[in-house]
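Each of the next two complexes has subunit A plus one other chain: subunit B in the first, subunit C in the second.
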Partner chain A sequence: MNPTPLSENLGRIQRTALMVGVVGSLALLIGAFTSADQFFSSYMTAFLFWLGPTLGSLAIVMLHNMTGGAWGFAIRRLLEAGMRNVPLMGLLFVPILLFGIGHLYEWSHADVVAADAILQHKAAYLNRPFFTIRAVAYFAAWAFLAFAMVRLQARYDRHLEIGALRQMKSISGLGLVIYVLTMSFAAFDWGMSMEPHWFSTIYGLIFVVGQGLATLCLAVVVASRLARHEPFSRWFEPRHFHDLGNLVMAFVMLWAYMSFSQFLIIWSGNLPEEAPWYLHRIGHGWQALALLLVAFHFAVPFLVLLNRPAKRKMGVLAVICAGIFVMRYAELFWLIAPAGGAPFHISWMDVVAPIALGGLWISFFIRGLRGRPLVSLQDAKLLGKLEEAPIL
Partner chain B sequence: MIAPGHSLGSVTDKISSIVLRRTTPRGWFIGLGIGLLLVGVLLTAIAELLFKGVGIWGLNNPVGWGFAIINFVWWIGIGHAGTLISAILLLFRQEWRTSINRFAEAMTIFAVMCAGLFPLLHVGRPWLAYWLLPYPNTMALWPQFRSPLLWDVFAVSTYATVSLLFWYIGLIPDFATLRDRAKAKPFKVIYGMLALGWRGAARHWERYETAYLLLAGLATPLVVSVHTVVSFDFAVGIIPGWHATIMPPYFVAGAIYSGFAMVMTLAIPMRKAFGLEDFITLRHLENMAKVILATGLIVAYGYTMEAFFAWYSANPFESSMMSGRMFGHYAWAYWLLIACNIVTPQLLWIKKVRTSVGALFVLALVVNIGMWLERFVIVVTSLSNDFLPSAWDTYAGTRWDWMLYIGTIGLFLTLLFLFIRFLPMISIFEMRTMVPGTSKKEDA
Partner chain C sequence: MKRRPKSGDSFGFLAEFAGTEELLEAIHACKAAGHTRMEAYTPMPVHEVWDALGHKSHLPKLVLGGGITGGILGFGMQYFASVIHYPINVGGRPLNSWPSFIIITFEMTILFAALTAVFGMLLLNGLPRPHHPVFDVEEFEEASQSRFFLLVPWYDPSFDHDKVPALLESLSPLSLNEVHHP
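== the complex of A and B ==
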């Protein structure tokens, strides 16, 4: 297929994104030297934000391998490109491992631990070497799963190997278990231990659900852009968007359900070991952000997505999903920035970091999309939709 | 989804004949007899309870919630599979739900009835149970709206109402079929009244579909909300082992887990006894096995988090609760629960196990036992060892506790056997749409 306007367009976006990523990273580098504490807080938030669609892509592909469904075939390639970014995210975590631990986590300071009986108890888990080993192990597991999925899918596409499909299915079951467990502990390590006295058993699942939600939203936004061009306008159908809209709504509800349950249980328990975490986040100027989350991470998308026509109209759904995607950042910011009781503040780095990391992420994402059929030819034939698989 | 060789007529004949035939198989009488015998046990236990009071139970001072709460949670959890199968799987267009939804819904209603008995009896004076409802009264007393026990009243009663409505509406077209096919006058009249004048007109179907879909949408949040509120009964308190934020999703998953296990426990003997292997196929059983495996893993996740955070929290009460569970007086219950709920179900990863009817039946029973033990461990271990060692005490159910529990199983069996004999246990009209060549609803 000759280069299409769409292909050129994507190439342009890829270059721009890369440029934004590089320039943004350089700016952040300056920030890192002027205010390291702020830099690592912003960087961690942005890192967790873009980790969402990376691991979420992996998880949703594995989920789709188990359940099937037309919606999954429609966005499969987008998700594969997303999970190809696992190595990139691994690379982006290196600065945190090398320089960030001391700035982010008070448990890493020997003098703080020496004066704190609780931290001494937790030192067996919260210490630099073990933290590092765990992080390496998480990324190894995620990279292995992503690699396996991409490779098996490629084998299936090339030779229509049913064996590859079967293998993919059997890896997916175990892979989901591994993903949920590793991501939960990653959330405890990277997010929860910023306030090392606090704990909540549902915290990991809130991250897992958030990642699924971020992925679906990003996939809808990208798909709705692609669907304006031939031949994707024939590939994506209203029913795909309808199903995706239902899934987005389910994840929005799940997120709200878990977040609210956590709040209610901690509020009614009112224990000194738990309540401060919320007091840090619904006081000190953070309350407006908390209310913003209630409104735009839950209420508005939920009410709009209750309507069937809204889910079938690509444009409306894409706007809602873009909004939720932005709110994903707001939630992570709300989880990370107030740690330790800091009063409300937004640094320029809180704005630049997600854009810089996003630039890198998107440029690699587009690189992953290009050069291979954007629609699995086998799926396309199977569904009787397209005669040939379009390559960007 | 349905064995080959069936036509519209043969599906209708096969299912309706179970209800309409004159002779009743002897096995049915035996089953009903056992059920009724146990209902006798139930009535005895209730009579003794009302006569003497809750002192006949094994409750003591730290352990104020014993069998009554364990059994309540167990039964209500079992009910969840019915609503999940009928509502959520309908919304997700999982067609394999069709042959199992009817009796799963029936199971839900019967299980909720059994569940409801326990809190009613636990209040000691069930004739005053209406005090739980908020209504203006001369004493100017209101229930405590902050208490999840009150939310339970709302959640469970709403759940029971919607489940019953959902079940009944689903039955209407089949009542009409039975009305048209029944030979005996009394049955014609009864089924006719229940069919509400259904003639199968296009307009009837259109409204029916809308109503059914709306109810499915309404029932879906209920599945989640009921067991969430049940988990709040525990989690909003500050008792170690109860106060955990993971409780709501892990309770909901556990409910679905036990519910599917119960559907399996009932479906396997039933399809054999009534020759329904063509409708409840191996594929159905395998799908249910997958749901059991998935929800079982979520439950395992919950246990893992509880154990990890008992240590990570650095809270001495949390860690002593966990070591008490693992190595204390009730360690046998804890490890048996782990064996039943976590270890054994891993066999379901193997396809051979998932497609072996005998193995599935045994596994389903094991899960049923495991889920009962889970509630036993949660209720009893946390209460018996709370904050004050001088107040610690052990707990065991008395004869009357066991009689009440076994009695509700009898009530459940009795209702189930009556249902099988007098109502179509598989949805006839929905099964007809499964016959190849019939047009299916496109894009629900």
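== the complex of A and C ==
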């Protein structure tokens, strides 16, 4: 294997990302000791943000196993590298489990629960041991599914085992159900329970859809970078980007649909236990951020992606996707930071945390990409595209 | 502007090919010879043929217009009903409760866009059309089975009754027929 310029480039990005991750994490550590409440709020937001492309990769691979389609073969390896980060995300959740619960969740304080009848009713679910058990169970399920997908795909690639494909398909069907359920409950636990009086059943699905969207956007951005280099310039075609663009648009609409459904129901009901959640997020200076989400998480990408030519030009599509990816963080920040009626504020940790975790995530992502064929050799042969699968 | 064709006049020339590649080659050769308005018939959808023919469709713009019309109508209808025509106080909510209007507005947008797409497609294609001159060519039956056809019709700007058959013949088609106006 000769080192190619692309391979060297990736190596450089990997080292830089790791450095950014380590330096950022050290800076955050200082923040954790000076202002623990702010640290855990920022950290949780950044954690949920990078959990997006991790679990989204798993979900979209499982979806692709059920549906097939050239778009999926094109980005499959990127998604596999993404889901290899499940253990990393599990590790990054440990600080929250060990030290964060008290700072993030009022239901963890005995004196608050004692004074609150509603929290007493919810205590059977919202308590520290059960919270921890559930978190471990979620990560176990995700790690198992990701591990199964990567292993079975490797078996198929090496020996062209049709049995592995069939097995992958049957795991994927059940796996998708498991993923949607576990991620919904994870969102209830980690995000929704920050304001434990409030409840919304669609809240988890907003996270699920957001994760799919984040993954597709990241995959488009990475694929558009790779497609500038041989041999990927022969592998990626406009029709792949067209399909991915259509999927991104579908997810953008789905996200808007879920988010608006929740808003409409709560707005129509106008009940005292539901409405404050939105009042916290459109008052106290947060309204500008909410409008920004409507404009750049929905309206602008939606209108641009209505255009067929825009979806076929990878440059245009990549810009839109990069924008949506950034807006994913804005949405999570809007969901987490105003919890409990906090006025609008952006701490330095809200900026550093996603960059620090992103550095770690990207360096491990590139590690997962390198050293194995970047497209499945079998897929390449089947599609008659490349004589041999390129290795970085 | 060409004169209106009479019955029996040439409608164009129809060449038959065995596969997509031959058809694409023929399209490119005809384009090189200056033909811009051709029709191709294939047994299955072939995207390359669409790109090669370079047909411009006005349908996307029509559909967008239809969608916007539907959206305005949908919102306007609800606004008119609940603000102007029959204002009624529901639980203290404002008369112009736009969040609850969104769903109908969205549905009307989709409905009008979809109807515009279907009927616009029919209209722009000149459908329904029970008969077309190319049906008189016996080989054309194969267009829905296994053969690929290219028609250079009379309304093509550089249509020439002598040069077109010679050009098509030079592409060695399986068959070449003149199509007549009924």
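The rule is short, and it goes like this: the second predicted complex is superposed on the first by the 391 of 392 C-alpha atoms of A that agree within 3 Å, B and C clash if a C-alpha of one lies under 4 Å from a C-alpha of the other, contacts with A are read in each partner's own complex, and residues count from 1 in each chain.
What we mean here is this: a contact is a pair of C-beta atoms (placed from the backbone, for glycine too) under 8 Å apart; a residue touches a chain by one contact, two chains touch by 3 or more.
Please read these numbers as outputs of a predicted model, since none were measured by experiment.
The superposition on subunit A brings subunit B into a clash with subunit C. Using the contact criterion defined above for the overlaid structures, shared-chain residue A:S268 touches subunit B and also reaches subunit C.
Once the two complexes are laid over each other on the shared chain, residue contacts for A:V319 go to neither subunit B nor subunit C.
When the two structures are aligned on the shared chain, A:V300 is found in touch with neither subunit B nor subunit C. Of the two partner chains placed by the overlay, only subunit C lies in contact with A:R308; subunit B stays clear of it.
Counting the residues of subunit A that each partner touches, subunit B and subunit C differ, and the larger count belongs to B. After overlaying the two complexes on the shared chain, residue contacts for A:A154 are found with neither subunit B nor subunit C. By the touch criterion stated above, A:S200 is placed in contact with subunit B alone, subunit C being left untouched.
By the document's definition of touching, of the two partners only subunit B reaches A:V177; subunit C does not.
In the superposition on chain A, A:I13 makes contact with neither subunit B nor subunit C. Remark: of the candidate stretches 26-34, 44-52, 134-142 or 152-160 in subunit C, the one overlapping subunit B after superposition on chain A is 44-52. On subunit A, the surface patch touched by subunit B in one complex and by subunit C in the other comprises residues 239, 264, 268. Chain contact summary for the complex, subunit A toward subunit C: residues 239, 260, 263-264, 267-268, 270, 306, 308.
Residues of subunit C touching subunit A in their complex: 47, 60, 64, 91, 93, 99-100, 102-103. Of all residues in subunit A, those touching subunit B in their complex are 117-118, 121-122, 125, 173, 177, 180-181, 184, 188, 197, 199-205, 239, 246, 257-258, 261-262, 264-266, 268-269, 271, 273. The touching residues of subunit B, counted against subunit A in their complex, run 91, 146, 224, 228, 232, 235-238, 243-249, 297, 301-302, 304-306, 309, 312-315, 349, 443.
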